[in-house]
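Each of the two complexes below includes chain A, the first together with chain B, the second together with chain C.
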Partner chain A sequence: MIRVRFLLLAALLVFVGCSDGGSNTSAEKEVKSVKKTAEKTKDTPVNGDAFVSSSLGDATGLIYNITSDSASHDVAAKIYNGLVEYDKDLKIIGDLAESWDITEEGKVIVFHLKKDVKWHDGHPFTSADVEFTYKFMIDDKTPTSYDADFRLVKSFEVIDEYTVKITYDEPFAPALISWSMAVLPKHLLEGNDVTKSPLLREPVGTGPYKFKEWKAGESITLVANDDYFKGRPYIDRLITRVIPDTATTFLELLNGAIDMAGLTPLQWTRQIDTNQQFQNQYDKYKYLSFGYTYVGYNHTKKPFNDKRVRQALTYATPKKDIVKGILFDLGVPAHGPFKPGTLWYNDDVKKYDYNPEKAKELLAEAGWTDSNGDGILDKNGKNFEFELMTNQGNTVRTKICETLQQSWEKIGVKVDIRVLEWATFINEYVDKQKFDALVLGWNITNDPDLYDVWHSSNCGGRKLNFICYKNEELDKLIVEGRKEFDPEKRKLFYHKAQEMLAEDQPYTFLYVPYSLVAVSNRFENVYSAPAGITHNQDKWWVKKENQKYHFEP
Partner chain B sequence: MVKSRILSKVNGNILFFSGLIIVLLFVFVAAFAPYIATHDPTYIDFDSVFLPPSAVHYFGTDDLGRDVFSRVIYGSRISLFVGFVAVGISLAIGVLLGLVAGYFGGFADTVIMRFVDVMLCFPAFFLILAVIAFLNPSMFNVMAIIGLTGWMGVTRLVRAEVLSVKTRDYIVSAKVQGLPVWLILSKHILPNVFTPIFVTATLGVAGAILTESSLSFLGLGVQPPTPSWGNILTAGKDNIMFAWWLSFFPGIAIFITVLGYNLLGEGVRDILDPKS
Partner chain C sequence: MIQYILRRIFGMIPLLIGITIICFAVIHLAPGDPAQFLSSMNPKFSESAHEKFVKMYGLDKPVHVRYIDWVKRVAVLDFGESFAPDGKSVMEKIGERMPVTIYLNIAGMVLIFLVALPLGVLSAYRQNTFFDKSVTVFVFVGFAVPTFWLALLCMYYFGVVKGWLPISGLKSYNFDQLSTMGKMWDIVHHAFLPVVLSVFGGLAGLSRFARNSMLEVLGEEYITSARARGLSEGRVIFKHALKNALLPVVTILGLSVPGLIGGSVIFESIFSIPGMGQLFYQSVMARDYPVVMGVLVLGAVLTLIGNLIADISYGLVDPRIRYGKK
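Then we have the complex of A and B:
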């Protein structure tokens, strides 16, 4: 639920996602969910059992306001609440806030907080905790990367114990969801250095699960919070096991040792269909993920600053073949930075169907011809060759690079591939803008704001517009879009923005992959929604006779 | 007669012959790769991914629809090249330092041999991994690094041989006649320490091929799309549960080639060893 984007290391292991894309599997699931709804009317949920999941890395700290790894986020999200959250249809609903009023054309938000909410240690939750969290987020000493939205707040007033008033300089549409940030306990943290607080290891929140045990590098165990203000979750324990490699994770899944895992397209299409043991134990869920993969061009370098060159490269990119051959059709070609099927997505933009002849024409127009007959285009005596970079450990991206190398060679563009270790790649090449072109992925956030990645002010080292795309008209649209609260009016800004991006091709947008998830079939009430699959995990439960783990009360 | 004794040993040595045949075959395949391969080893064809071995694709196809047979054939070039260049580098360094340390002794010997000890303290493979992390992975870096981290054994061996050879009468005689040092080293000592060098070099090629495959397997060696046995295996690892041919054929290729060099090395040692 964090608005800030982060670079996706493994685009195929994303859980958050959206509704089904309409296929055999989704049909299967529909039948199943109908059956389950019918069962639900007969059976009342019971408490018990545990849910075991896996994480590639150990969490760094369980206060996710100051961590940026997904392992910490996934665990801590069960321990804390924000003021608001997304529901299963991605509408914003109250979490710790009972209700809110937006006044003065969006410049002021007044939150009315829920009463009778208690921290895990029994201390009551009040507006003082919210104020503390706000001050913590904008404190220069706080090592957080999520402060940008909170710095736009002009004033923060505590009206009474259960009311806060927040004022902005100008209307800011993403403001409301920025308050989904975890609220921290003032009575335990005030006056302490949070980076050294014991709460990083033994957190205290208001959420559905309480912290129990953390074996470093091994597992983190949470237990159900009996006093949770939305009602006790049914599953007794959540156990997150650290399994540092995807192949082992998959084997553990086949052995039934973990209850949920993301699958790769290969595992999905070739490895589990024939495995009877797997079929008996798991349900498969498939939905378009909130992320896309792209080729980014460095606009500070020639010839990528020429629109015709970028358009030509897109024309010479076989998106459909990539989706078919590398993703086994478990994805859809992308044409812009939004997810197909959402309100913000505009399908009516210029699409570049694979057309190498057209690509050659455009390059010739831009002055690139093969004048010396060596098979590589040249201009002013310089050959058109460049380096295409990506990170190690993601075989899908390496395969994309190899595919692009071959198809661009056909139009006379020579590409050298360089696959770099993640940290080196980001710190030494991306952040320092020392690249020609790269293959990477972005998360797609629920809020359509494009400021971080596309606004020209974010061009530069360590910023997210590292390709340095600059378009004044787009800048205006982005700024206007942030001021409009009505989604129906707001979407028009982003539809126009997508038309511009399609025309300019600052990236070659490649595809939006499916999230492929296996969940143990002993859990009831599991279904995918626009918000993904774990949106209602508090309400999952296991029938008495199916319960696998038992705990002494 | 020394010559006939060696010949008779050659005749009866199965190790030597099987090794020699494998190595010659391997060199032949590498040299004539374009004529043996049935497909372009880097041609991507999404219509034929993961095809099992057949009359069209002898070793099947990989995750991008490339012909595994052709990739293995072309991969032999990389292995051969990396093996020879890396061993060449380590021989050049090792022989030179070994000659100097053994012949001159004293301070030079102490310094060189302590340096050898220091280099041997690092686990070789991790040293290579660390160096690769600083440089960029590429075929030339891999060859250079394998060579630069593999000369210590050669140095020790050459030094030991030189120590025994330099006390022989013909060396003393050469010294008395006032021959320059470089001539003594190159004309009289080097030819007489050649046997162990040849054996080590042969075994070294096998080691270098294995190291290159391991590095490429980890993604730190030869970069795509150039086929090398190691990086073909990487694709195999992810898909081993249903596409056995991706791991099997490059694995067999590595196995046979390394075996060939080892047999050849052992065979040569047996033949040239006067005690056997």
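Then we have the complex of A and C:
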């Protein structure tokens, strides 16, 4: 289903040369790159060259399972494999698992593992490693944040060297993809304190790249794994350079020193099209990112516990202008918590096109009128004014707050903006529910489970439903949705859930931004898919005459 | 003299303890804790993770107990291990960042002294001339211009447009494969912009200092008397004036010792220099208490030592000041 849609989109790009919302120049450029890729792939791939990327922070450790920063994960993801993974169309496929059977209505998963897989040190990979990884994840001494899914396992049995059987108390649909967690080498880690393990700095995995060198604060180098069970990747080395400043990253990109970098909407629209150096060296790629930005209302406070008030504020929110003015049209308005174009997304929900008149009506219905003529709505002698908060260091969010302040003022709602340092904001205000409304963003995970952010049991404390939205019907849908493994059946729960969220407007969903990426044009076989752009990085390659870096073997 | 030094060193101990108490209190007063970043605002994180990390890092104990534990360890020079999952010790982390910062700071400081002192002395000698005024404007521009802005402009012009200099980093990726000459050239090449810019920004302080000090000395009676004795202008300036005018510089040298290990965060970020500034900033942002405390204690110790050195050397070079005699 998604696949069909994607192909259709790709076809549109090639033949019509238009994409939703992009400026003309970028659309043309994309067409070029898609065409070029199609021509290029006729050649036979060759090995060689290096791929240099940059990261704002240094990795904190290279055992995937116990780090939580993206710098570490990006590097470690090339070193390890899970049992399953998402393919480019976001379908779950086997990674270290050859196949799997789901039986007893989803309570039991049996994984059949691939044979002939070897760790980077030559040791064979077996079911014992999977068992070790499971035990590692649920061990209280393991400093991991990702133990929740593994604690749901009722029993873990090793059937034979290449088969494991995992039993759950209840069917749990997200369980399957939870086994995409990196599998760790038992023979190197067992019996050792992981916080002191040398593997943190010199990891050993099964993945396409092997660890070579880590210069603290400078760079991490990986080299191709000749014995990779899915075939050696073509590019000899992956180099991640630490460049802590975004402006410097951009300059290094203009200079051709790094091969891939994310761009800001401003750079994408205004700063690269005029730069010949950039044009000659890079292709641009644009795809919807996995995240959305929203305004959340504190449901434990008046007047936000009134649905009409929230609807009115959404009506008074010019989503399109925000996308246009702040993101230079490089995003699409959001109407719910899923990414448009995916299986889970339901476009057929109540939408709130900008309509300040309607907003005023709804507020009047809820009892808010300007009875004293000061331009601010009031009710029982109290003015409608509140604080809109966001975190420091994200200029886009600050600009959103300013835009909202102005547009809500037009319907007689007075907003004060408060921008706070992240830790203070989360600890003192969000976790303690001392806020009126806030602007924040969520990542959109590939699995549609809404439990953590939307289930009413997750209200309060340090939990994620910090706005305390409670809807019993939605709770039921969320719980049922977690039990259904068949995506086609499962999506119905989430389509219904989106209708409820659209009606209730616990958040004003603002937009899903585009990921904007520049990739050096010497790499062949690069194309964007629903999973992004690096989904097939192992299969990128560079023609002999274009190779830039050469290494002694 | 020895007695004086010993007295000073003993006096440092309560001072150091006071500093660490304040530092420890301040970083623990800051909202958030290291466990938070590993366990909040991510649906994939388990709910029990926060509690687990709090226990693992020993954050469940009261602050004063943690402080005493910390002091006990530091007393035997063990600064503990970083909270970051790479499992390095604090000393190891500081050790791998320090050489870079010291190298750049020393290079910068030597150049600042080499340029600022003659500039300041000459400005004083030619007070209120065109030269003096241009120098004043020049050094104050350097002082006032935001370094990060100037750095970006220079990186763009010399790096991207002209291609003369590398944009960031301290050495090329293929550094290990270069010849010895190549290595030296590579290092100079990479350090050029950061050092020149930090010199430009740092000229003002010292050159003003030298200028004022020189002006003061030039107004002294012994200079007039030297001139009256018919000494050559060179002798007056270099032999009589300069020697006295530069005495206070010794103090500045002493006081700049702690500055040698402190890197500027903005500067290091823009040039992608893995130095102390970045380490400290990242540790503060991640609430990596052991590393933060390690860097602070190191800074405090060096400040105290620097002060002591300044005081002692002042006594040695300035005959008007003697310690320990009443």
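Rule of thumb we're sticking to: the second predicted complex is superposed on the first by the 511 of 553 C-alpha atoms of A that agree within 3 Å, B and C clash if a C-alpha of one lies under 4 Å from a C-alpha of the other, contacts with A are read in each partner's own complex, and residues count from 1 in each chain.
In this section, contacts are C-beta pairs under 8 Å (C-beta built on N, C-alpha and C of every residue); 3 or more make two chains touch, one makes a residue touch a chain.
Quick caveat, the model's predicted, so the values are computed rather than measured.
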Which superposed partner A:Q279 touches (first chain B, second chain C, both, neither): neither
First (chain B), second (chain C), both or neither touched by A:K324: first
Partner chain(s) touched by A:S371 [first = chain B, second = chain C, both, neither]: neither
Chain B versus chain C as contact partner of A:S457, first or second or both or neither: neither
First, second, both or neither for A:N192, with chain B first and chain C second: neither
First (chain B), second (chain C), both or neither touched by A:R270: first
Which superposed partner A:S99 touches (first chain B, second chain C, both, neither): neither
Partner chain(s) touched by A:T300 [first = chain B, second = chain C, both, neither]: neither
Dominant contact partner of chain A by residue count, chain C or chain B: C
Residues of chain A at both interfaces, chain B in one complex, chain C in the other: 247, 421, 424
Interface residues, chain B side, partner chain A - complex: 42-44, 46, 49-50, 63-65, 133, 136-137, 219, 223-225, 234-235, 237-239, 241-242
Residues of chain A touching chain C in the complex: 52, 57-63, 66-68, 72, 140, 143-149, 151, 195-197, 200-201, 215-219, 239, 241-245, 247-248, 251-252, 254-255, 257, 277, 421-424, 426-428, 431, 442-443, 445, 449, 452-453, 462-464
Interface residues, chain A side, partner chain B - complex: 247, 266, 270-271, 274, 321, 324-326, 392-393, 395, 398-399, 401-403, 405-406, 417-419, 421, 424
Residues of chain C defined as touching chain A within the complex: 30-32, 36-50, 52-53, 56, 81, 84-87, 93, 96-97, 152, 155-156, 159-160, 163, 167-170, 173, 268-272, 274-275, 278-279, 282, 287
